[in-house]
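Shared between the two complexes below is chain A, which has chain B as its partner in the first and chain C in the second.
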Partner chain A sequence: MIERYRASAGIMLAPAVTLIGIFILLPMLLTVWLSFQDWSTQTPFASASFIGLDNFREIFGPTSIGRDFKGALANTAIYTALSVILILPLSVAFGLMVYQHDVAGGTALRTVLFSTYMVPMIAVALVWSKLYAPGEGPLNQMLGLLGIGPQPFLSSPRSALISIVFLNVWQQVGYFTVLAIAGLTQIPGSLYEAAKLDGANRFEQFRFITLPLMRRTLLFSAVIAIINAVQVFEPVALITQGGPVGSTNVLTYHIRRVGIERAQGGLGSAMAVMLMLSLIVVVCALFALANRKDRE
Partner chain B sequence: MSARKLSGSSGLLPRRRPSGRKALLATLMLVVAVASAFPLVWMVLSSLKTPAESMQVPPVWIPGTPSLDAYEKVSGVVNVGRSMWNSLVIASITTAGILVTSMMAGYAFAKYHFRGRSLLFSVLIATMFLPPIVTLIPLYRLVGSIGLNASLAGIIVPNLANAFGIFLMRQFISGVPDDLIDAARMDGASELLILYKIVAPSVAPAIAALALFAFVYHWNSYLWPLTVLQGNADAYPIVISLSRLLSYNRGAMNTGLVMAGATLAVLPPLILFVLLQRFFVDSIVGSAIKG
Partner chain C sequence: MSFAWTSKLALVASLALLPATGWAQSVNIYYLTHWSPETVALLEAAAKDYAKANPDVSVTVRAVPFGDLLTTLRSQGGGSDGPTIGGIYDLWLPELARDKLVAPAPDTVAEEVKGAWPAGVVSAASVGGKLYGIPNEIDVYALNYNKALFKQAGIAAAPKTWDEFREAAKKLTNKDAGQQGFGMINSWAAGVVHPFASLLVSNGGELVKDGKPALDSKQAAETFQLYEDLIKSGASVPAMATADANTTGPFLDNFVSGKTGMIIMANWWESALKAGMGDKFADIATAPIPIGPSGDKPHSISYSWMTVVNANAGQAEQKAAWDFLAWLNNPKSGKNGASAMSDILMSMGILPSRSSDIEAHKDKLGSEFLSGYVSVLADAKPFPVVPGGQEFSESLQQTLEALQYGQVSAKDAQATAQADATSILERAAK
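This part shows the complex of A and B:
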């Protein structure tokens, strides 16, 4: 490469690399370092003192710190799994509705579905906290019309977490629908023509053409859905504060409470490291699963 | 047989019993659209109700005499004008920064060959998958130690560059012909001038998409502003002011007020989306396929 462009490359990269280095990569390394330190968030980094694996022992230990963290980890896992299990099939179903040409209105449906993704999560949380009102709330009114008795939604530990999952699915499914449509457009129409000539019915076409050729799209969607799901914060911070009885205490909320509000920076960082490790394990497992299927 | 083939079916959902199947599909699509739109429609309708209507049991779905009283009242509870302005400042400056840094870095990754290019790119892209909570605690301390906490600058500065923008720009700038760039170099144009005059116009739709994404994302963003502002109400963006309406959220009487606040916060991103959704959708599709 000509010297001139080597200098240009440096200039072009400098702003982005400096900013991402200082405000994302450096804090990430600090999180890992702090997870081995006894450190209060209200003091300078220099005041941290090395304590080995004590933070990790504590967050997995039998005290209330350990119980709360393990609860948050389990809640986040359930929340994430339910979100992905609901979002992926719905996104494919809605994608097929938008993509087909038999009935008009596909594009309008896409617009309606995707518009919810633009709404600030705080507004979503406020609106749904009202819709979910127990007793005479709007959703209970509608369930009443269907002959279903009033549900406690966010006010019972049995239903609070799943109620937040529904709110999340409602907000995000439009985005994943657009991803699914992107995947559907990549499938050559000639495959369906050939299958029809071979006498494959609609279900068989879906099972043996659409689904296998959507695998890469679905893998991508699953990874994004998981990363999005572990970030759930606003509905918990605003409506439930982790309750009732810890049933909606999820990791993003819990880590912020420990690391910022209680200023236990070392403990909070150890929790953040565990979240990062869990994500890496889950995402790698997903890719391994997809690769094994590819070889079959 | 041939008539069916010519009927324009996508092949995805071939017709067998056309009328019954179409009716079912149309009904399903309507149900999905109504379910999806219902919460936001309910929000707007509720913001137009009087307090008496909000408390009525069974509930009134459509306000009898739509009134804007709730919008007036919400301005008395939180500083709506100031918060909307703060949100506009945060989202606009952050977006401008992201556009500049993403275009420059995207151009370098797309058009320069240098040692360590793919390694550097991979490291940057990996940060796209990092949930913000993982870096929140040290970032909070870091931003505090350079004196930016409790200010708009503290919200903006850490977000002036991101991996998604670099990724999107590299994808689209890769498609700009090298000949075009080389010709401009022959004419003695500087690299920054080439980026501004040649490359940027060629990828205008992608720039529009990135601008919209960044603006909406940072208009809606809550976790970081909440953490860094430490209760400095003068710098609250609208989403934080909105969260403070919660103390008025108990019971049905102030539903109208809370929904008026929510409607105000939702309008700017939603209007942008409706006007420019083509760019949003195209860029998601583009980045998903090419990625």
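This part shows the complex of A and C:
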């Protein structure tokens, strides 16, 4: 009986497992294999030759390849950290605002917030590149009204990456607000009523009820925000081309330049493997931290 | 012959011709370029003219931003459904030929090109003695300056030496008015490297000599130092120098709006200047690159573009593509003895490279703006076309941008540029 059950389970799982194997696991394994090869992306896989860890030595080495890769890795880490640090608190703040039933215009605000997520990145990039325009750009004109001199935004290596982060936050915060609202709806109203009876003020209710009970939602939001941020590509390709001085050269854009434009498939694969490993480490660390908190 | 027999013969003849007709109508050529919509419209019009005599061939033009052109060629050129024809920058050719993405030109085309184009241009379109593309445009760098700003600053003529250049840049700088003397470019490899290379060759130096980087020379040291001096004196403002994926952006905006006194750029941006400046385009003049302390006469950098055919396209498509390109570049396809390709190029202010086209467009090439470029062409040095050239260019771009933003000194920039170039070119040559 159990054997028949196992056989039928196997048959039913086979299509999904096969598809996952072909379209997810196989490309991942292929990328890992290619990272140990000297291979041009324009030639068949058969032309790849095994070079051990040379690609990894190169991307962490002192030459321009190593410098560019390490720079791109650092830029991606900064971009991701800033995006998550800004998006999560803002999404909770907006979620709380929108979730309050007694606030007028809550539904309209929810619609406005989510609409930014639906705008295609090409349109966002075009609009923001004009907003950030030095001198005559609307943002600089507004700053001028406040008595602040023109800011270089995308034209300075100090501010270009942060400017791209703001663009990302603007576009993504609506989506994460919706997630936060979903988390808020899971908190029983009776807990707030009990807290009120015990004399807890709004801040204490937020600190001791809302935040702890939203931990799972926030964990999910953080993981999704990290994955989204690590995959940033379009604003860099459309607006800054990785510049100035490589200050917005993020890993996905750099891998495209190395792997496709220069056809250095082995090096590009080694970079992709490092990106994948970094992402796995960060997400696992996040889950481990959340589990430890749960146990406490 | 009875009606029945006539009908049968007609049917057999129709059936016999059907496959040929079907084959003939199925040849579609896909032409990939980075040109603007206006220029693409001119190319489409030329394709329509070609179709009048060749109704069996249809040409579809697709344009992508310059920043995406090489990636598109590499990612789509590996298959038969990719672009049949691609417009490419000569620096990309050695690696595209090595990776067998581009087809060698048929003998008839090669013979025609070798006889009708200058030898240097033919050499830039060849790898290992084999011709891979039909050259079309040639671009050369020169100093563009704003005569109105020169007049305001009390400068009588374009600078001829680096000392005069420094002096003019200083006089043209007005921080309060947000005006810089000399405009550099960043965030675009060719835009960063070519003006630097033009100053370098005008100082008697070279980027690459006998296949090896030559950035450790005295002439290169002086050129890096010139950049550092211009930045430190405030005569060049890096924040005014950024470019976007379409090779436009603040560097162009600042020049057309009269906030940049001088800039080193190639002839092809004439159309962008005209579009941005309108009547004020008359204020723009062209002069040779100022001579450095170690230079003997003005030199600058030139590079060429060509059209290549996808080596992975079907035989019929390749044949049709070469036929179309031969027609497009033939003196009979355009007006007054010019090729249709040269008419398209001249609409953008780009110099055609075919000798007969230069002759046919003599009048327009004599305009105040373009004649300055034509005059420096003879002494221009081709940008080195070597394997790894694009990576070398991008690496030098990073170093020069770091120098522009004060992240490294001229001395460190020179050492880094030479070390990086050595490692890149050695690896690419393997």
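Simple rule for what comes next: the second predicted complex is superposed on the first by the 272 of 296 C-alpha atoms of A that agree within 3 Å, B and C clash if a C-alpha of one lies under 4 Å from a C-alpha of the other, contacts with A are read in each partner's own complex, and residues count from 1 in each chain.
Rule of thumb we're sticking to: a contact is a pair of C-beta atoms (placed from the backbone, for glycine too) under 8 Å apart; a residue touches a chain by one contact, two chains touch by 3 or more.
Since we're looking at a predicted model, the values are computed, not measured.
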{"item": "Touching partner for A:212 - first (chain B), second (chain C), both, neither", "value": "neither"}
{"item": "Contacts of A:89 with chain B and chain C, given as first, second, both or neither", "value": "neither"}
{"item": "First, second, both or neither for A:238, with chain B first and chain C second", "value": "both"}
{"item": "First (chain B), second (chain C), both or neither touched by A:131", "value": "first"}
{"item": "Which partner, chain B or chain C, touches more chain A residues", "value": "B"}
{"item": "Touching partner for A:223 - first (chain B), second (chain C), both, neither", "value": "first"}
{"item": "Touching partner for A:41 - first (chain B), second (chain C), both, neither", "value": "both"}
{"item": "Chain B versus chain C as contact partner of A:262, first or second or both or neither", "value": "second"}
{"item": "Residues on chain A lying within both footprints (that of chain B and that of chain C)", "value": "41, 129, 133, 237-239, 256, 260"}
{"item": "Residue ranges of chain A touching chain C (in the complex, touch as defined)", "value": "40-43, 63-64, 68, 129, 133-135, 152, 154-157, 237-246, 256-257, 260-263"}
{"item": "For the chain B and chain A complex, residues of the former touching the latter", "value": "8-16, 18, 21-22, 25-26, 28-29, 32-33, 35-37, 39-40, 42-43, 46, 57-59, 100-102, 104-105, 107-108, 112-114, 120, 123-124, 127, 129-142, 145, 157-163, 166, 191-192, 195, 216, 219-220, 222-223, 226-227, 239-240, 242-243, 245-246, 249, 252, 255, 258-259, 261-262, 265-266, 269-270, 272-274, 277, 280-281, 284-285, 288-289, 291"}
{"item": "Chain A to chain B touching residues, read off their complex", "value": "1, 5-6, 8-9, 11-13, 15-17, 19-20, 22-28, 30-31, 34, 41, 44-45, 94, 96-97, 99-103, 105-106, 108-116, 118-124, 126-131, 133, 136, 138, 141, 170, 173-175, 178-179, 181-186, 189, 192-193, 196, 202, 205, 210, 217, 220, 223, 227, 230-231, 233-234, 237-239, 251-252, 255-256, 259-260, 265, 268-269, 272-273, 275-276, 279, 283"}
{"item": "Residue numbers on chain C that touch chain A, as the complex places them", "value": "67-68, 70-71, 74-75, 78, 95, 99-101, 178, 186-188, 238-245, 250, 253, 390-391, 394-395, 398, 401-402, 404-405, 407, 419-420, 423-424"}
